[in-house]
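Here the structure is laid out as structure tokens; the discussion comes afterwards.
All chains are identified by letter, namely A, B, C, D, E and F, in their written order; residue positions are counted from 1 within each chain.
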Amino acid sequence: MTAESTHMVEFAYEVGFLKRLPRTGWLTAGVANPESVAEHSFRVAILAFMIAASEGADPERAAVLGLFHDLPETRIGDVPAVGRPYVQTAAPTEVVADQTANLPSDLAERIGAAIAEHESAKRPGASTESLCSRDADKLDLLLQAREYQEQTGNIAMSAFIDSMLPLFATHTGKSLAEAAIATSPSTWWNEFASKFGTPAATTRPVRSA
Amino acid sequence: MTAESTHMVEFAYEVGFLKRLPRTGWLTAGVANPESVAEHSFRVAILAFMIAASEGADPERAAVLGLFHDLPETRIGDVPAVGRPYVQTAAPTEVVADQTANLPSDLAERIGAAIAEHESAKRPGASTESLCSRDADKLDLLLQAREYQEQTGNIAMSAFIDSMLPLFATHTGKSLAEAAIATSPSTWWNEFASKFGTPAATTRPVRSA
Amino acid sequence: MTAESTHMVEFAYEVGFLKRLPRTGWLTAGVANPESVAEHSFRVAILAFMIAASEGADPERAAVLGLFHDLPETRIGDVPAVGRPYVQTAAPTEVVADQTANLPSDLAERIGAAIAEHESAKRPGASTESLCSRDADKLDLLLQAREYQEQTGNIAMSAFIDSMLPLFATHTGKSLAEAAIATSPSTWWNEFASKFGTPAATTRPVRSA
Amino acid sequence: MTAESTHMVEFAYEVGFLKRLPRTGWLTAGVANPESVAEHSFRVAILAFMIAASEGADPERAAVLGLFHDLPETRIGDVPAVGRPYVQTAAPTEVVADQTANLPSDLAERIGAAIAEHESAKRPGASTESLCSRDADKLDLLLQAREYQEQTGNIAMSAFIDSMLPLFATHTGKSLAEAAIATSPSTWWNEFASKFGTPAATTRPVRSA
Amino acid sequence: MTAESTHMVEFAYEVGFLKRLPRTGWLTAGVANPESVAEHSFRVAILAFMIAASEGADPERAAVLGLFHDLPETRIGDVPAVGRPYVQTAAPTEVVADQTANLPSDLAERIGAAIAEHESAKRPGASTESLCSRDADKLDLLLQAREYQEQTGNIAMSAFIDSMLPLFATHTGKSLAEAAIATSPSTWWNEFASKFGTPAATTRPVRSA
Amino acid sequence: MTAESTHMVEFAYEVGFLKRLPRTGWLTAGVANPESVAEHSFRVAILAFMIAASEGADPERAAVLGLFHDLPETRIGDVPAVGRPYVQTAAPTEVVADQTANLPSDLAERIGAAIAEHESAKRPGASTESLCSRDADKLDLLLQAREYQEQTGNIAMSAFIDSMLPLFATHTGKSLAEAAIATSPSTWWNEFASKFGTPAATTRPVRSA
């Protein structure tokens, strides 16, 4: 065990806070026990990977941008949309510099660069991977709103869905957003549903030999 | 919107189930409302990135292996350790083949390859990235056990910590595991704690101009 | 630290139980993880303040009546409507006499008087403040039923709303009840909703100087 | 205290895990914080008692079959319908043999026989009590789906309801299933609902004498 | 579908409320999200079965008494110990008469008789089965207090454990209570714990044939 | 129903968000499902009432200051201590001006004045009532930390307790803080605990006449 290991572990514990931090927008809308920032970031990374693969960009790079994009929220929290006129926050790149200050410099630079590239999506000359990651961020929100819409009966979800639709930058992002609205979150397990109560013919006992 | 988009969205909704699936081991041990598989996978990906950077491997590849490693659990669930003698499951590579059957073939191959590489960590000739991802899987469990230990007073957490320690394959993984035991999960925010009730000198009003 | 302080703290810990006590009516109706008695009392106090201001009564007095009105529930619980034919409870004024028995007598008298005045709303010659507090009690239930109705899809909420409407004593209470039915709980944040995914023009970095 | 007592207590603690184990099917469908296997088994036992009484079978035997029927899930978990093609589990009678291995042999035999009889419902020559218990298992799922349908707005519940309907073996089971669909889960407390806010005429103070 | 079926289903929905009703004593003691009355009743029934088998009584009868013993709580709630001096409730047999008023008379009588027999445990000439059921009621509380003690770090659990110990009526009940205090709730899965991170040698792929 | 009523109801729904907003500091420290801002404000108001009564100030005024003091958090959220260097927020008086902009002007002024007076506690010449409300804010945090400390086993609670102690402005606040540390949160119900399992001698059946 070294001082370096200790600092890396402290960083890992700080990252762990994102497992406990709820997404504020869902609280505003009255979703009980909503997803955490970690859960959101998990699917953002996977969606960024998928979008980048379709767009001919680097899927691993895009996934990494999505993975780290909300890291600064361990310090600044998840500022809600209703708070925008009232709250100013340090730039994500500034926050991440503090978060990674004690990490090995190579690692700190890599993480800082991921945040900076994700943030650059809003500016001209952005990398395709940053656009994929940013679209993934919006797409996960839209998918989650659809899930809450069908799973909890919360009628305010349409406000989230409608506000996302015009914001996608990539062709794939736009196309997936439209498909998300047209597809039920329960389609993937629906064919299984017809077998819920039936004896499973495929189930043979284990260990009987 | 295309059939391809619809299939990609169905896959994304299936991925979303990992946000709702609790990690079974914590339930056995009596942790109330434990983390989801998505939350676990989120930090596994970040830890794999960190370990790989230290080990001189490809951090982005390692992160992607960590990100996808529990994907088959949407179908087979999170089989608990107490269930091992009683449950046989299809190989993860078989499950993922079904999960990605309707995706664009390039994307399906990429995801299948990530699962296969992560699983190969148990076999000779494994890539360093797969060892990093596998160590990250164990390290996140250890970190989480430490967090529950200090945050919920659950005295059974030591069983999880002790069973993990001998299992790390990389030098960095071992070193971080030792540091995780020696470091409190609250160290990272402890210096802030002394200022909880004090007027924040740095807080200047926004919008006053 | 004195014996008096210790008794005041014991009382404060007893008050804290209302943070943990769910409102039974919502459980009957199948609302998962419903609000606590403390959360209810919080908005009752604010509503009582608002109604009293409109009615030309003393807003601070009305708020205090609302704040304390469910204090006896630390001992008798929140008896559900379905339990009325089967349960008899001591009068609130009797319960509060026991709860405050060890407090400084001046403080005990003030709290007892607040409970007694709130309870007097059901009898002729009631103070206007007690009518405001009682209307606030009913109005918070109605508002909460509306919130659950739109946020959880629970179709039984209309039974709560309908049973409240005829019970208001003040002009303001009646008028607010009607407005509560006509107004969506999400109206207040709806104008923000259109900006959920957009870059916040008003957000300038902090600490950049 | 004897070794026998210790083994019985270890078994009782293992049974306690069913209080913490969520029913997987509800998680798949997006029900937040769904019922536990213990809660399910509780009503299955009562329903089996009711169905058996109507069918002229032994209500106490049927209740006991329902009570124990999911006991093996402490070891094999609650395998979801989507997992059937991918998961093989040991036979329930094999699992229960391990679970009860240290119990007094008379007790172990009684519990093993209950599991075996419940499982025999799928085979020719099944006892009426096993059919009642198995119908109760399906009926509780249907009732719970109806409750979630009206209480949480989850639109996927119809898939569960529809898949259950054809599966009942007893006349009473069929009849109750049809009635469950036609009856609202809130009917039983609806007549009370009209009195929610009214002073309860029947409530006289206690302890005033 | 008949009127009789409808009434039986209304009763089954009323029983379902016990899945949602938390045990009040745990709320008082600060246990977050405590077990439901249904979860409690589930293990009470199993413990009654076990105790009766050891005492040479009828295990099925004892289980049925335990299963139904808290049924009146759908109407009167779970009155906490702190409420005893302030709350009077109708006798359980009176409540159950109302609850079962619309059931087929044979079924209503059986359920009423179960409640009456369980309640008779406090009086001379009680059946052994009623003593087993009553001891099971106390034993489940003690086991649950031990589980919360080790799983949540709640230091008030000893008050529950200590108050139960003198109250057991049967030899088996006393002996199990002593064993419950001497045995850790995690003993049953402890031997599995050493294998948490290891590749499961017994796991062979399914469907590979 | 008037436009005024509608605006008052919109404000009441905005207030309702505080029932859903968790206190961020507890999330940082790993408290699962922590109290809401509404629950906090409820006890702050009661504690302010108690402290003011002891200090010879106006208890009702102090309670009202405590009741409203966190109202701006519907817009700016609950900024955590770790976020102070990174987040700037509009002054509470500015936020509340927007929150109450559509209320009747008399009511808007009363609420604005309450926020302003509470905030003035940090400045020279503060009213005694504002000092009582501010001390109540800190005292509730300390009491809650003590409750989590004994009820959840979270070992980080001492950081919260220690940071509060030097910050009290009133004699009563200081004295209660010391008593809070010396007194167990379970003392108030401890005498009842010895009667948990005993037949309640005082419980006579209701409705038997």
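Keep in mind that, in the parts below, a contact is a pair of C-beta atoms (placed from the backbone, for glycine too) under 8 Å apart; a residue touches a chain by one contact, two chains touch by 3 or more.
If you're wondering where the values come from, they're calculated on a predicted model, not measured in any experiment.
Participant: Considering chain B as a copy of chain C, what rotation angle in degrees (nearest 5) results from a C-alpha superposition of the former onto the latter?
Facilitator: To map chain B onto chain C, rotate by about 180 degrees.
Participant: Taking mean CA positions as centres, which chain lies farthest from chain D?
Facilitator: F
Participant: Report the chain whose mean Cα position is at the greatest distance from that of chain C.
Facilitator: B
Participant: Given that chain A and chain F are copies of one sequence and touch, is their interface built from the same residue numbers on both sides (over half shared) or different ones?
Facilitator: same
Participant: Could you grab the centroid distance between chain C and chain E? Build each centroid from C-alpha atoms only and quote it in angstrom.
Facilitator: Averaging C-alpha atoms per chain gives centres 33 Å apart.
Participant: Taking each chain's centre as the mean of its CA atoms, how far is chain A from chain D in angstrom?
Facilitator: Each chain reduced to its C-alpha mean, chain A and chain D end up 37 Å apart.
Participant: Return the residues of chain F touching two or more other chains; collapse runs of consecutive numbers into ranges.
Facilitator: 28, 30, 32-33, 82, 85-90, 94, 147, 152-154, 185-186, 189, 206-207
Participant: Can you check the complex and tell me which residues of chain F touch chain C?
Facilitator: On the chain F side, the touching residues are 1-2, 5-6, 8-16, 18-19, 35-36, 38-39, 41-43, 45-47, 49-50, 53-54, 59-61, 63-64, 67-68, 85-88, 104, 106-107, 110, 139, 143-144, 147, 172, 175-176, 178-180, 182-183, 185-189, 206-207.
Participant: Spell out the part of chain F that touches chain A in their complex, as residue ranges.
Facilitator: By the definition above, chain F touches chain A via 17, 20-22, 24, 27-28, 30, 32-33, 72, 74-80, 82-83, 85-90, 94-95, 98.
Participant: Write out the stretch or stretches of chain F touching chain B in their complex.
Facilitator: Counting only chain F, the residues touching chain B are 25, 28-33, 81-82, 84-85, 87-91, 94, 122, 138, 141, 152-156, 159-160, 163-164, 167.
Participant: Could you list, by residue number, the parts of chain B that touch chain F in their complex?
Facilitator: 32-33, 147, 150-154, 185-186, 189-190, 192-200, 202-208
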